[in-house]
Each structure stands twice: as structure tokens, then as C-alpha cells.
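Starting off with a structure, shown below.
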Amino acid sequence: MTVDLILTFAIAALLIVGAIFTLVGAIGLIKLPDGMTRLHAPTKVGTIGVGAMLLASMINSYVYGEGSMHELLIMAFLFVTAPISANFMAKVHIHRRACDQPPAPPRDDTWSTLDTPEEDKEHVETTA
Amino acid sequence: MTLAEDLMGYALIVAFIITAISQIMAMVRLVIGPDTGDRILALDTMVVNAIGLVVLLGMAQGTRIYFEVSLIIAMLGFVSTVAYARFVLRGDIIE
Amino acid sequence: MSHWIIAPVLLPALLAPFIVLAARYHIGIQRVLSVAGILALITVATGLAWQASDGTVILYQLGDWAAPFGIVIVGDRLSTMMVLLTAVLALFVLLYAIGSRWDERGRHFHALFQFQIMGICGAFLTGDLFNLFVFFEVLLIASYGLMIHAGGNARLRAGVQYVLFNLLGSTLFLFALGAIYAETGTLNMADLANRAELTSADATVGIRIAAVLLLLVFAIKAAVVPLHFWLPSSYAEAPAPVAALFAIMTKVGAYAIIRVYTMIFPPDLEATSGLFGLWLLPAALVSLAIGMIGVLAAKKLDRLVAFAVIGSMGMVMVSISLFTPEGIAAALYYIIHSTFAAAALFLISDLVRSGRPNLHLTSMAPVAGASLTAGLFFVAAIAMTGLPPLSGFIGKLLILDAGFASPLAVWVWATILISSLISVVGFARAGSIVFWKAQSIERAEDNPLPDPPSALSYAAVGGLIALLVAYTAFAGQAHGYMTAMSKQLFAPEPYISTVVDTPGKLSKPKEGN
Amino acid sequence: MSRAFHKLFPHPVLTLILTVVWTLLQNEISAGMVVFGIILGVIIPWATSAWWPDRPRGFHLGKMLSYTLIVMWDIIVANIQVAWIVLTVPNSKLRPAWVVVPLDLRQPEAISILAGTITLTPGTVSADLSDAGHSLLVHALHTDDPDAVRDEIKQRYEARLKEIFV
Amino acid sequence: MEFLIASAIGILTAAGIYLVLRLRSFPVILGVSLLTYAVNIFLFTSGRITIGASPILQKDVTTYSDPLPQALVLTAIVISFGMTAVVVMIALGSYLGSNDDHVDDPKVEPSETEDAT
Amino acid sequence: MSLFLVVALPFLGALLPGLMNSAGRQACAGVTFTVTLAAFIGLLTNLPAVMAGELVTARADWIPTLGLNFTLMLDGLGFFFALLILGIGLLIIAYARSYLAREDNMGEFFTYLLLFQGAMVGIVMSDNILLLLIFWELTSLSSFLLIGYWKHLPAGRQGARMALTVTGMGGLAMVGGMLILGNIVGSYDLSVILQSRELIQDSPLYLPALILILLGCFTKSAQFPFHFWLPHAMAAPTPVSAYLHSATMVKAGIFLMARMWPVLSGTTEWFVIVTTAGLITMVLGAIIALFKHDLKALLAFSTVSHLGLITMLLGTGTPFGAMAAVFHILNHATFKAALFMSAGIIDHEAHTRDIRQLGGLRTLMPVTFVIATLAALSMAGIPLLNGFLSKEMMLEEANHTVLFNTPWLVPTLAVVGSLFSAAYCFRLIGHVFFGPVRDDYPAKPHDPPKGLWLPPAVLVVLVVAIGVAPFLAEPFVKLVTKSLLGTAAEVPKAYFKIWHGLVPALYMSIAAVVGGAIVLAMFKPLLRMWDATPRPEAKVIFEGLIEAIVKLGQSIIHTVHNGAFSRYAAIMVVTVIAAGYHAWTTGAVGEATRTLQPAGPVAIAGWLMLVAATLGMAFLHRNRLLSLVLIGIVGLMVSIGFVFVSAPDLAMTQITVEVVTIILMLLALNFLPNRTPVESTVLRRMRDVVVAVTGGLATFALAYHYMLREAVTTPISEFHLANSYKGGGGTNVVNVILVDFRGFDTYGEIIVLGIAALLIYALTETLLSSSVRAKLLNRKPDQPRAGNQHPMMMVVLTRVMMPVVMMVGFYIFLRGHNEPGGGFIAGLIVSIGVVMQYMASGFSWASARLRYPYHGVIGAGVLVAGLTGIGSWFVGKPFLTSDFTYVRIPPFQEFELATAAAFDLGVFLAVVGAVMLSLESFSRLARRDKTVENEHAFDIDPSRDDPPEPEPIGQKGEV
């Protein structure tokens, strides 16, 4: 009984925390000055916000239902995929020159995104 | 118990509202851009937040049948983010 | 349990994937399978038409679920005749496609062809409105594939418009179905007929809008002006055998209008009265006029035929719009005639095309087989323009006769007769340029004589013409049957009770109603 | 024997992951479900093994678990930090920086985990790999000392990963 | 709630129609997609709106949302997916052949017919 | 001989000449002659019955429901015309055998001729006016072929089309007239109609019927103002002119007027219209004929004039007029056919028909001279020849006819017409045969072989015989007149005599002949006046009119069908809205019966985003990638909305379809321009906005209307909810509907998907085998490209994720029957898993490792679904009947085995196959020439390029 009570409080807390993190992620998305910095807020803060909500839901299912760990799977998905998404978006920024030019790598020639293959170097603007 | 439940109910409403506001803010970023990368990021954020919304809905309605929806959004949101990014990077998303 | 009534759908539906699976690299096997399938279909369809000819309503409850809960297939005089018509047309078109080697000019012709037949047969047989939508989509998407078969810029561009227009049409269909379900809570046509009568007189808007949207959907398919714009380019640009097969597609729209507006929303239904009396007949008359003026104005032979199709659909729709037993019987007679005539004309224009770089209405040196082609064109043109002695004339007489009772009789008669004249002038003009004037042109030395079309091609066209002649000779029997069919349509109670009262799995008669 | 085993279980870890996923999906732990999960865990990697040709040779599962715990803790801390930066540091005071991390790791799987870890933890996002894979480009949201960030990454995560992937 | 849904249908339709009336295949196809959304929602609403009552049978539950429109919409979604794929492909084929993605036919007069004399 | 056979013989015989073309010209002509002779004899066998006043009939049902039957009858009138048709036909066939040149296709000619002959015989023997119409139009068609017989000559083609157009028009008008007549009387049988004089003439529809029928008659018989086509039909070979345009076809109109005379004549309308048209035609034709230099043109206009004469006689509505008409028909047929054949002989021998190049042929062609002169004098109305007799009767009748209350009008015009008629006859004789022999004939003229002069000679014998002994023709003419008059009137008592005494008609006749001679004497100055007079050239006007109509038609058609899809779509939208609005305003709206549900903040926020994204699409659509992102949002929001309104299956389907669609769109956008330029004017955009907003309001209103009201009765889904578990074995009712209650829809749906994929594949193949292939191979990217095509981290993640995704797919598939999910969603999920692999490692690498024949997968899926459905046949149940059972196999828990699952497996396979085949096709288009097939899954692999060194560098901390 008390465990359930505590867990219910925990659910409420997790919901609020998750929501706040989500909001902070969104604020960062609006507020931060350029593409690369904006990338930090939602990919991390936002993800953890949803993670907290998922946790709340999981606990909720144990308190009010049969209980399930499905949410773990979703969380796993989110956490595994978030870095790759972030990586791709960073590559987009680098490729579109939407951020400061990164310093050259110490041992290699350049960063892979900037290493356009020879046959792709020229392009034509298709006139619509 | 009722206090806790009430609290949870309020928390749920607050979470709903905050997540909705976050969505709208992300939508604003999506529209103003300025670069494609920002838009993809905004979309990705919205997808992740959408999972939160579905989870909250499931809690609010006391049902678990929305779990697969969240799972699929999580899986496929990633694929579409990658697809958009690949398009900007290479034009051809399957090469 | 007899399963024959579903064979027209299942036979092609199983044959097509089998062709894709087993014979996708062997055109010879594909041809044999395809022709065999159509021959089997003709046999089955003949049997079904025979079975339905005495007024029997053949009911097939898919999944053993009774209507309106499950989907039913219903064969009555009308639907079995349309299936038979489809099958017979398909045979000649297929033979032509093989004879002219059109089927080799792209991939998956035969599979798409079979799927197309499946869609058309399904649309004729289904007793469920949403299922009708599904079959519309099947026949449409197969038609997209067939229409752009063999590619080419003009064809693809026309294809884009064709597909887009039909996507809008499909969207409208879904709006109509949503309205139908929202208003009546059912999708089965027979059940709908019962429920449409439940509408209270002080809340008719819902059912009226549903009915009118549905009518517009079918009017698009039937190419009624101003919803006909999809037709000219797509039929003109489609490969000839495909365009010939498409001759039946506009009839699907006509069929659906006949079915729905005699059974579900009959002319005497209070709730939907005055819905389209004001504009459907005028629209049909304008279609007729536009089609025949298009025949006169066309600058290409294939486009000329496409406009003739619009005109002939105008004729059909004029007759349907009368919504009298005589009008529907005349329309049904005309439907068969115009299907064969249009198909023959499309194939003939391809015969012409085989000796020329294009189908512009200009004279080019005659080629081998030109006089035979000219003869076929002459006969088909007579049929299409409604000159005696072929079925077109009889159809015209029937429609004029039926139109006598209409309040717009003067308009009906004037439009039919004048547009008939215009089309005569148009066809005479085109034939004169393409066939006669060509006689005065010498073939250039460096321009070798192309091979004449194959005997199979001619046989296919000749077969269609022979059908027209036979249809004329047996016009009495045919029209007698159409009259019986029309009677059955205007007295739909046996149809409705067969569909709704036959029990199925977990349901007793009348349960749930 | 070993070759037959490898043929049957091309990726034992993957089989394990799949079995766990299956159990999570089913939301109940019964013998039947686990057996079914294992069957799927064998069949699916086997059916798709052509797409994962060079599986990592050595892998310390235990060390991986402890690494995971560390990272999870870091994630929580990192998020509070970033949230704080977002909410309190004005844009004019924000000092984002590129950090170049030279890599000692060689296995693709290891590098990927490192990159993922970097993204999920304090104020950093792994942005790109150099054209021969010797360096990782990392973006830091707010730092005065990029070198410190680099050293932190190498000590805290890369070193551990080198132990996991032998 | 009903107002929100109905107005969403209306706005999707309006935007869809506007895009369908554009001149290039790409926006037109997107317009058709928007119309598809609109009609799918419309079709869905033909079973009326029920919140928190999925059509999954459960013990002791008597209220369910209407499952039939859901099944219909599902079919419609799948079909329009196939249609979209097809129209995208045909539009692409048309563009590749002519380097022109106009939906309308080019304004070149087809060669004149000759005098029928 | 049965009337059927008489009519059928020419039609059946028409096959023979065409088939015997290779047997030679003689055979062709011979068989044609034989066939005609057989019909002729067959006709004569009915003579006794006809003479006895019997009505010979033959009847066979054709379309009894319409009242169109093969009903033939033969009375005196019909016999008379049939005799002319077949008798003159025999002569024409003999003549044509000699006339046609070696290079002319004889078989074709005689085929057309026999068709025409059969149609004519059909007209005069029809006892059913619809049947008559058919034969009527057949004469137009066969004459079209005959006039255009020399296809290489523009004049032939033009003349043929003009004749077809004018007579076709008349024919169509007559269709209308006949149908009205039939509807007045209640029967299309002529014998019935002929008994219904009062009924018809009292009907309010009498006038329209009369006008329409007369239109048919006048066009066919070249009556003013439709006379202009006949001279141009002279482009036909002379036998055709002689046959069609003197003896037969042009008489069809006359025949019909005669046939309908008992029921249509006798009214003021009939009298005024018919008499006036006839008079004008008679005078005008005669005047024009005088000034024609072409022999055949002269004869053609003389024919016009004489047909006018006959028409005028029929128009008077008196029995005497009718009898005179019959007599003149007979006489005109004899002398005019003889004249045409003579003209043909002259053309054939002198190689010209131009009167100005002729003259003096009297001595060179004596036989022709005698024939032509006798015939022409008869036409001029010279006594002792048959033309004189009927012309006298005409003048007599004219004398008694008062038109427009002006007693002198008809007689005066009749004399003027006769005067000019005499004048051109004299001109023909004088200018062709008399005068000096010339030395500049195009060819040396001499009398033709027997084959050419014998047929006209036979006719001239008749001309003289009747002229000298009119009593020979009298019984026959009276017999015909009797049947013409029917019960309407008695045959007049008048006797056929050369000398009637000094009656006014005689003075008029003398005046005409003398006047004609005087006019010819003044021919040169008159010709100068004629040439100086501006007058409309009918052909130019007609051609101009047709061209104008064609141009008008083209401008209508090409303006309306301008190929602008955007306009077509706008018209469609407006039409739908208008029709819907009409339905709305004419119906009763009714009370709202449902209460509204509250909308929470989340719903409003979701609505806001959906609306923002939707409007964003409209405003920002020019940036195509952005619009794709926005439509992603729309899809996401709609999916969330579906969750919100309790439709998890829909939400899942929507989101998966969304992702695959976006992938497809991105694949396509790779080739398409990335931006849409601004092209339409502000005005146009405003128009589009108006249309769009109206459409939006309409759908809003519609949706709102239905949502606020209940259905008229319980929806059928009650049954589905109640029986889903009991009868379908599943708790997810949506899924049970999809795979069981309405499995047939789903079956169609996967076929749609399968076809879509096949189509995409087929088009790809077509494109790659066309010129597009080279373009694609050398394509330059349309945007800057980044390096690193296959990023390592993505590949690594995919290798773990893809199996997991597949497992999730499998899970979704299995549970679909009871929980949200099912074969379709599972198929899409698995496809997306594979696509992830393709996106990560590239198409060529991934498909080289694991190549599924996706065609086969589609085929298998559709077949599995279909065969599952057929499976139920073996237990005697209909297609797609489901069954299920619960099975227990340790260590598994009890689980359900349902046939619906097998069906769902088919769905799954079809979906996977379709999606993958489509994506594969798109990817194949993107292969460029310079694309190197990647050997490795990812570009940068430190472990491969730079194997770990034995001594790790820079190692710190714990190891």
C-alpha cells in the first residue's frame, strides 16, 4: 500500500521531470544560436525527458495494472538511435557549412563528410 | 492514496500541456529553419515528443494497447530522420 | 455450394500472380496462359449469364458471412452480362495485343491485363459499395500500368494526368462512402436500399449528399462532361489494345449508376428526389455534343476515337438519365454496341499506325493492307456514328424512342441527331484524309514499305466487327433480353431479399436489421 | 564443432539481445515464450548473417555491463548539466567548441559505441569521423577547455571500451 | 472535439486542393496526399468519435469505437499508398524522359490537320 | 419470288464481285448482271399479283420490342420504282462493263453498286418506316463510296463527302420525323400508318414530323436549298451518275413523298412547303443548267430541275398532280438515263465533256447523235416523245394551282422552267452535235462499241414508244397512281393522249419551246450576263461552312481540352461542390442528435500543429524537401490523432506507410528539381485559393454535419463487435474485419499493392531500356554531395537494429488478430528494416549479399492469400471462410491457429514484396556510370584499413 503510494508520487514526479526536460529540450531548440549547439538540447535533454515519461508509464503499469517492461524496449530504441540521428544531423550541418569549419584531424586528411568523392564534385542546378 | 492519485492526475495534465507546448516550439523551429539541418532536427524532436504524447495518452486512458504505436514511432522516426539527412548529404538515400 | 460466380474474379486473380511467379521471362508461356485464362473466363461467364437469364439472383457470401456484415457477390442479369461482355472483349483485345506484339514492348503486360480483368469483373459482381471501391482501385491501378505500358514521353505525361485525375476521383469515392456509412451505417447495396427508405423527411441532407457524391464518382468513370477530362489524352496515348480494353472501363461507371440509382436511390425515392434530374441529362447531352464535336475537331486519329468514346458515353448517359425502363434497356443495348465499336476503332487506328510514323490526320503513302484497314475503318465508323445498318443505328433508334417521353425530348432528339451528323462528317473527313487522299501520294524511294500488320491482328479486329454485325442481326433477341434486364432492375425486391435474407455464419435471416 | 556453432549462432550476443527483446515484447516470462524467443534469436541472425560479415572477435560481456552503468549515470548528470546551460547561459556567453578525439580503437563496433556514448553524455555530440577513421570530431556545447573534454573522453570511455573489445 | 476534427478535415482539404491546382507534379502529388489524409479522417469519422474505447474486445467493457470505419480507412490508406508510389514513379518517368515536370501539357500546337479535300 | 429474296439478292450478290476480282473484269460484270437479272425476274414474278391489286408482303421479326421488323410489301408504287431500279440497273451494269478503264477496280465498283441497288430496292419495298430508314441511309453510304470511287481525285472525295453530309443530314432529320410519326400512330408499320391520315394530321406533332421527313426527301432529291450537292456528285464515274443521279437515288425522296402522300398531303403546310420548294428548284435548276459547260453538270442541274417539277406536282396534293408525277418519273428515268449514258459515251470517246470543246459530232457519232437527240427532245417536251406528255400534264396541273393567293404565279413559273428546260436541251443538241466538225477534239470521236450504245438505245426506244403510244403506259401509270393514292383519293379519269385540244397547257407548252429556242439564239449575250452576275458558289459556301464548323469545333475542343490538368482539376472540384451544394439546399438539414465531446489542451495543440503543418505545406511548398518534412509532421499528427480517437491499428499503419512514402518521395526527389518555381500569376493563385477554401468549407460542413447526427439505424459494425471473437476468433475487431468479415477487400488491397510494384518495376525496365538510360548514367547530382556514402556508425547500428526490427515485425504479425497489428503493418516494418540495411550499406552491397526475388514474393503473397481463401472450398464453404482452433504443444502455451493467419501471411508477403520491389526499382534508376559498387558495407573501417597495432599507443588508465 505504502509502496504503491510512494510509487504514485514517483510517477507524478517522473512525469513532471520528464515534461520539464522535454520543455528544456524544446527551449534549447528555439533559443540556442546555431545548428550545432541546437543539436545538443533535444537529442539529449529531450530524449531523457521522454525516457522519464516512459519510466513513469512503466511504474504506472505495475501500480495500476499487470505491469510491463515494454517501455524499456522503447527507451533502448531511443537511446540507441539518438546518437546516430545526432551524428547525421551534425554531418548535415558540416556538409551545408551551417557551422564553424571544424579543425583538421591530426592523422588524416579531412573529415569524412567533407571528403566528397571525385565523381561527385561537380553538380548542376536543375532548373525546375 | 487519493492525494497521490490526484497529484498524478495533475502531473499528467501538466505533462500533457508541457509536451504539447514543446511540440509547438519544435514546430516553430521547423518552420523558421533556417537550414535544412535545423528542420530535420525539429522533426526528430517532434517524433520523440510524440512518443511521449502517446505514452501519456496510454496512461490517461489506462490502456496499454498504444505501446506498439510508441515502439513503431521510435523505430521509424529514426529511419525517416536518417532518410532526410541522407538526402541532404547525398541526394540518393539508397546508393 | 457452387463457386462459379466468384470465378470471374478469382481466375484472373490467381492466374496473374502465377504468371509473375512462374513465367515472367517467357512471353510465349504468358500468352498461352493469358489466352487460356480468358477463354475459361468466357466459358464461365457464359454459364453464369445463362444461369441468371431466367431472373435468378446468384448470391455468394464471402467468408460465409451474411450480408450486410460480410461482402457478397451477386450475379443477376445485368452483372453477368457485363462480365460476359468484359470477357469477350478481353479475348479480342488480347489476341490483338499478341498479334501486334504490343505485349512484348514492356514488362508484365499479361499479369497487368489479368489483374485489370479481375478488377472489372469484381466491380460488376460485387454487392458491396466499399468492395466496389476496392475493385475500382484494382482496375484503375492495373489500367495505369497498362496505360503507360511501353513508355514514351507523351504517354507518360498523359499517364500522370490520368493517374492524378483518378486519384481525385478515388478521393471523392471515399468521401461518398464515408457519407453513406455515416448516414446509414451500412455498405451493402441491398441493405442500403432498405435503409435509404428509413430516412426521415425532415433530415434528408445527409442521404442526398451521399447519393450525389456517389453519382459524381460514377460520372467521372463514365466520362460525363465536365468530369471527362481524364479521358481524351489517356485513351489516345494508351497503347491501342489497352485503349481498346478501356472501352469497357467507362461502362463500369455507367453500370454503377444504373445499379445504384435503380436499386438504392430509385427515381421514386422521396429523400433523393430532384437530386440530379435538373442537370444529369443536360450534362449527358453536352457530353454527347462535346464528344462528337471532338470527333470533328480531332487532329489525330486516336484522339478522334477517344472523343467518339466520350460521345458514345454521352449517348449511354442520355439514355440512363431518363431513368425509365425503356431508357435503361436502350442504354444497356448501346453499352454493348459502343464497347465493341470503340475497341474496334482503337485497334484499327493501331493498324493504321503500323504503317505510319504518327496518327496525325495527314495523308501518307498507302501501305500494304491499307485497303483492308480502310474497309474495317469504314464499317467500324458506321457502327460508331450510328449509321445503318449496324447496331449503332439501332441503339440510336432505341434511345430516341425512349427519349420521346422525356420533358426534354426536343433537346434529346436535337442533340442526338445533330451530333450524329457532326460525327459522320468528322469520320468521313478523317477517313477521306487517311485512306482516300493517301491514294494520291507516292511512297518515297528511300522509305521502304513497312510490314503489314499480322493476320492475327486483322482477325482480332475482324472478330470485333463480326460481333457488331451479329449484335445487329440478333438485335431483337438482345434488346428483348435488355428489356427483361431493365425490368429486373426496376423491380429489385427479389435481388434485395435474396441478398439480405440469406443467412450466413452466426446470423439468422433479418438478424441485425 | 566450432565452425558448426558459428554457422548456427553467427552472433551469439545478438541472439541474446533478440531473446531479451522477445521476452520484453511478450511482457511475460514463460518457458514457452523464452524457447520461442531463442528460436527466433537463432533464426533471424542466421537469416540475416550475410549482412553482418565481420563480427567482432572478442567481447567482454561483464565489462560491458559495468560500462553501461557508468554511462547511464553520466547520462543523467549530463542532462542536468545541459539543461542548466540551456536555461541559464545566455547565448552571448555560450562557448561552443570543436573537439578532435584521436582514436585508439579500431573495431567499428567499438568506435560506434564510443561515439554513441559521447553523444549521450555531458555537453558533447560526436559529429564526424575522419576520412581514415583515426579521429572523431566532437562538438562541445559549452566548454573553456576542449583538451580537457578530449582527455575525459579518452580516459573515461575509450579506455574501458578497449578492454571490452579485445 | 468534433469541431476540431471537422475543421482539420476542411483545412487539409483546402490545402490539398490548392496544391493539386499547382503546375508541377511534385506539389500536386503532395496535394493529393493531403486530400488522402482529409478523406481518411472523414471516413474515420463516419463511425463517429469515441475517445478511450479502442475496438479491442476486453472483458467487462461494453463501449467500443466503431471498428468498421477503422478497417475501411486501413484499406484506404494501403491503397492510396500504392497509388502514391505509382504516381510518383510515373511522374518521375515523365520527368526523366522530357526534363519537364509540368503536369499540364506543353503549349505547343499539334500539327495542323490538312484540308480534307 | 419472295420479297426477301428480291431485296437480299443484291446484298448477297455484293460479296461476289469483290471476291471475284481476280477472276477478271468480265466475270465481275457478269456476276453482277446475273444477280441483278435474278432480282429483276424475281420482281417480275410478283407482277400478276400487283396487277391484280394485291399487296404482296413478307414479314420477319427483327426487333419487335422497338417495332422495327423486316416487313416488306410490294404494291404498284413499290413495283414501279423497283422496276426502274433493277431495270435501269441492268442497263447500267452492261454499260459500266465497257465504260470502266482497265486500271479501275471492277470488283470494288460492282460491290458498291449492288449494295446501292439492294438499298434502293429495300427502300421501295419497306413496309416498316424504321426499316425504310435503314435502307435510306444505306443508299447514302453506298453512294458515298460510289461517288468517291476515284479516291485519287479531290473532286471525287469532296463530292462524296458533300453528298454524304447533305443526305446524311436529311436522313437524320428523317429519323426524327419517322420516329415522331411512329409515336403518333403507335406503330412503325407503313401499312398501319397509311391508314391513319386523320390521326396524323390532327396531331400537334404533325408539323415537326412533316418538316423532318421533308428535310430527308428534299436533301435526297436535291430540292432547293439542298440542290447543290448533286452536281458535285458528278465526279463519280458516269455509270454512277446515270444510275444514282438520274434514275434512282435522287428519286428516293420523290418516292417517299409519294409513299407518304396519302397521309401527309392535302394540308396547307404540305402544299406550301412542297410546291414552293419544287417550283423554285425547277426554275433555278433549269436556269443554271443552261449555262453549264460540262455535259454532266448540265444534265445534273436538269435533273435537279425535273425533280423540282415532280416535287411540285406531288405538292399540289391533287390526284391528277400525283398521276402526272408518276408519269413524269417514268419518263424522266428513261430519257435522263439515256442522256447520261450518251454523255458518258462522248466523254469516253472524245475525252472531254466540255460543250465548248465539242460540236459537229453529228457526223462523227451518228448513233450517239440519234440517241441523245431523241432523249433531249423528249426532255425539252417535244411532241411524240414521252417527255411532252408528262410535261403537258404538269402545265395543266400548274394552271389549276393557286399558291400564295396568286393565280398566275405557278403557271408563269412553270412556263419559265419549261422554257429554260427546252433551251438547255436545244443547247445540248445544237452545241454538241451540230455545227462544224472540229479538228481539236482531245481525242478523235467515233461511235462506241455496242456495249456502250445499246443500253441507252433501249431506253430511247421506250421514250419514243411511250411518246407515240401513250396508252401503252396508261394502265401501268394508273395502277401506280392508284397505289400511291391509297384510300385517300380516287385515280383521276383523265386519258393519256397526245392531243387534248387547244387547251391552255398547249399554249404554255408552245410558249416554252419557242421561248427556249429564242433563249438559245441569244445564248452568247446571255452567257456574258450570266458570267458577269455574281452568284454564290454552293461548293465554296459548303466547304467554307464545313471548314468554319471544323474550326469552331477545334477552337471549342482545343480550348476546353487544353491539356491543363490544373484547370481540369479545378473544374472537377467546382462541379462536385456545386452538385453537393444543390443537394444540400434542396434537402432538409434536420436537428443535431449527438452531443459534442470536449476538446482538451492536447487535442488543441495537436490540431494547431496539424493545421500549421498543413498550411505550411500550402505556403512553403516550393521548397520541396521542406514540404516533405512538413507532410511528415502531418502524418505524425494524424497518427497521434488516431491514437487519440482509439484507433491504434490505424495509427501504426499510418506511421509506417508515412515513412515508406517519404522514403519513396525522397528517392524520387533525388531526380526531380528541389524547388518549385513561381509560375502562376497572383490572380490565378487567388482563384485557386478561392476554389480551395470553398472545397475546405464544404468538407468541413459535411464532416461536421455527420458527426453531429446518428445514422438512420444501427450500424452493421454492431454485428462485428458481437461476433468477432465468437466467429472470427480474434479480439482485435479491426483485424478480424480485415482478414475475415471483409477479407475480400483486403485481398483486393494486396493486389493493388502488388500491381503497384509490378507497374513500378515495369516502368523502370522500360525507362532503362530507352534513351533515358544514357541520361541517367551520365547524370550529374543536382546538389553538392558530402563524402562518406556509407557511414560506419549507421552500418553498425543497423546490424543490430535490423534483426530487432524484424523480430518486432514478427511480433506485430503474430498478435494482430487480438491486439493492434497484423500482416500489413508487420510487412511494412520488416520492409523498413531491410530498407535500413539498404540505406546504411548501399543498395548494391546489400542486395548482392541477400537477393530475394521480390516479384516472386509478391506473387507468392497474392497466391497464398488466394489459395487460403480457396481452401475453404474443400469444406464446402465460400471463398475466404475462416476457421480457427486452439492448439497446445509443450512447452508453449495454448495458442490459436487460424486460417485467417495464413491469409494474413499472404498479406505480409505481398506487402514486403511490393515495398521492396518498388524501392529496388527506384534505386536502380539512381545507378550512375561512375558509381563504383562498394566492396564493403561501410566506407571507413579502421580495422580493415589500419589493423590494430600489437603495441597500443597512448594508453592510459586501467587496461
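Going by the order they are written in, the chains are A, B, C, D, E and F; count residues from 1 in each one.
Here is the rule we use: a contact is a pair of C-beta atoms (placed from the backbone, for glycine too) under 8 Å apart; a residue touches a chain by one contact, two chains touch by 3 or more.
The model shown is predicted, which means the values in this text are computed figures rather than measured ones.
Q: For chain F, which other chain has the most distant CA centre?
A: D
Q: Comparing B-F against E-F, which pair counts more contacting C-beta pairs?
A: Higher C-beta contact count between the two pairs: E-F.
Q: Measuring between mean CA coordinates, which chain is farthest from chain E?
A: Relative to chain E, the chain with the farthest C-alpha centre is D.
Q: Measuring centre to centre with CA averages, how many angstrom lie between chain D and chain E?
A: 42
Q: Once you find the CA centre of chain D and the CA centre of chain F, what distance in Å lies between them?
A: Centres of chain D and chain F (C-alpha means) sit 73 Å apart.
Q: For chain B and chain D, let me know how many angstrom lie between their CA-based centres, rounded off.
A: 23
Q: Give, as an integer number of Å, the spacing between the C-alpha centres of chain B and chain A.
A: The answer is 10 Å.
Q: Can you list the residues of chain B that touch 2 or more other chains?
A: Answer for chain B, listing residues that touch two or more other chains: 19, 21, 23, 36, 40, 56, 65, 71, 75, 82, 86, 88-89.
Q: Please set out, as single numbers or ranges, the residues of chain E touching at least two other chains.
A: 20, 24-25, 28-29, 38, 40, 42, 45-48, 51-52, 54, 56, 68-69, 72, 75, 79, 82-83, 86, 90-91, 93, 97, 101, 103, 105, 116-117
Q: Show the residues in chain D shared as contacts by 2 or more other chains, in ascending order.
A: Counting only residues that touch two or more other chains, chain D contributes 21, 25, 102, 115-116, 129, 131-134.
Q: Show which residues of chain B lie in contact with chain F when the two form their complex.
A: Touch list, chain B to chain F: 13, 16-17, 19-21, 23-24, 27, 30-31, 33, 36, 39-40, 43, 46-47, 50, 53-54, 56-57, 65-66, 68-69, 71-73, 75-76, 79-80, 82-84, 86-95.
Q: Which residues of chain F touch chain E once you look at their complex with the stated criterion?
A: Its residues touching chain E are 154, 157-158, 161, 543, 547, 562-567, 569-570, 573, 594, 596-599, 603-604, 607, 610-611, 614-615, 617-618, 621-622, 624, 627-628, 631, 634-635, 638, 641-642, 644-650, 653-654, 657, 660-661, 664-665, 668-669, 671-673, 676, 679-680, 688-689, 691-693, 695-704, 706-708, 710, 715-717, 720-721, 724-725, 731-734, 737-738, 741-742, 745-746, 749-750, 752-753, 755-757, 759-760, 763-764, 766-767, 770-772, 775-776, 818-820, 824, 914, 918, 921-922, 925.
Q: Using the touch rule from the top, collect the residues of chain A that touch chain F in their complex.
A: Going by the criterion above, the answer is residues 80-81, 83-84, 87-88, 91, 94-95, 112-117, 119-120, 122-128.
Q: State the interface residues of chain F toward chain C in the complex, per the touch definition above.
A: Of all residues in chain F, those touching chain C are 61-66, 68, 130, 133-138, 140-141, 144-145, 148, 151-154, 157, 160-161, 164-165, 168-169, 172-173, 175-176, 179, 182-183, 546, 549-550, 553-554, 556-558, 560-561, 563, 565, 568-569, 571-573, 575-576, 579-580, 582-584, 586-591, 699, 702, 705-707, 709, 711-720, 723, 726-727, 740-745, 747-749, 751-752, 754-756, 758-759, 761-763, 765-767, 770, 855-856, 858-863, 866-867, 869-870, 872-873, 876-882.
Q: Taking the touch rule as given, give the residues of chain C at its contact with chain E in the complex, in rising order.
A: Those in contact with chain E are residues 130, 134, 137, 141, 144-145, 148, 151-153, 156-157, 159-161, 163-164, 167-168, 170-171, 174-175, 177-182, 187, 233, 299-300, 360-363, 429, 432-433, 437.
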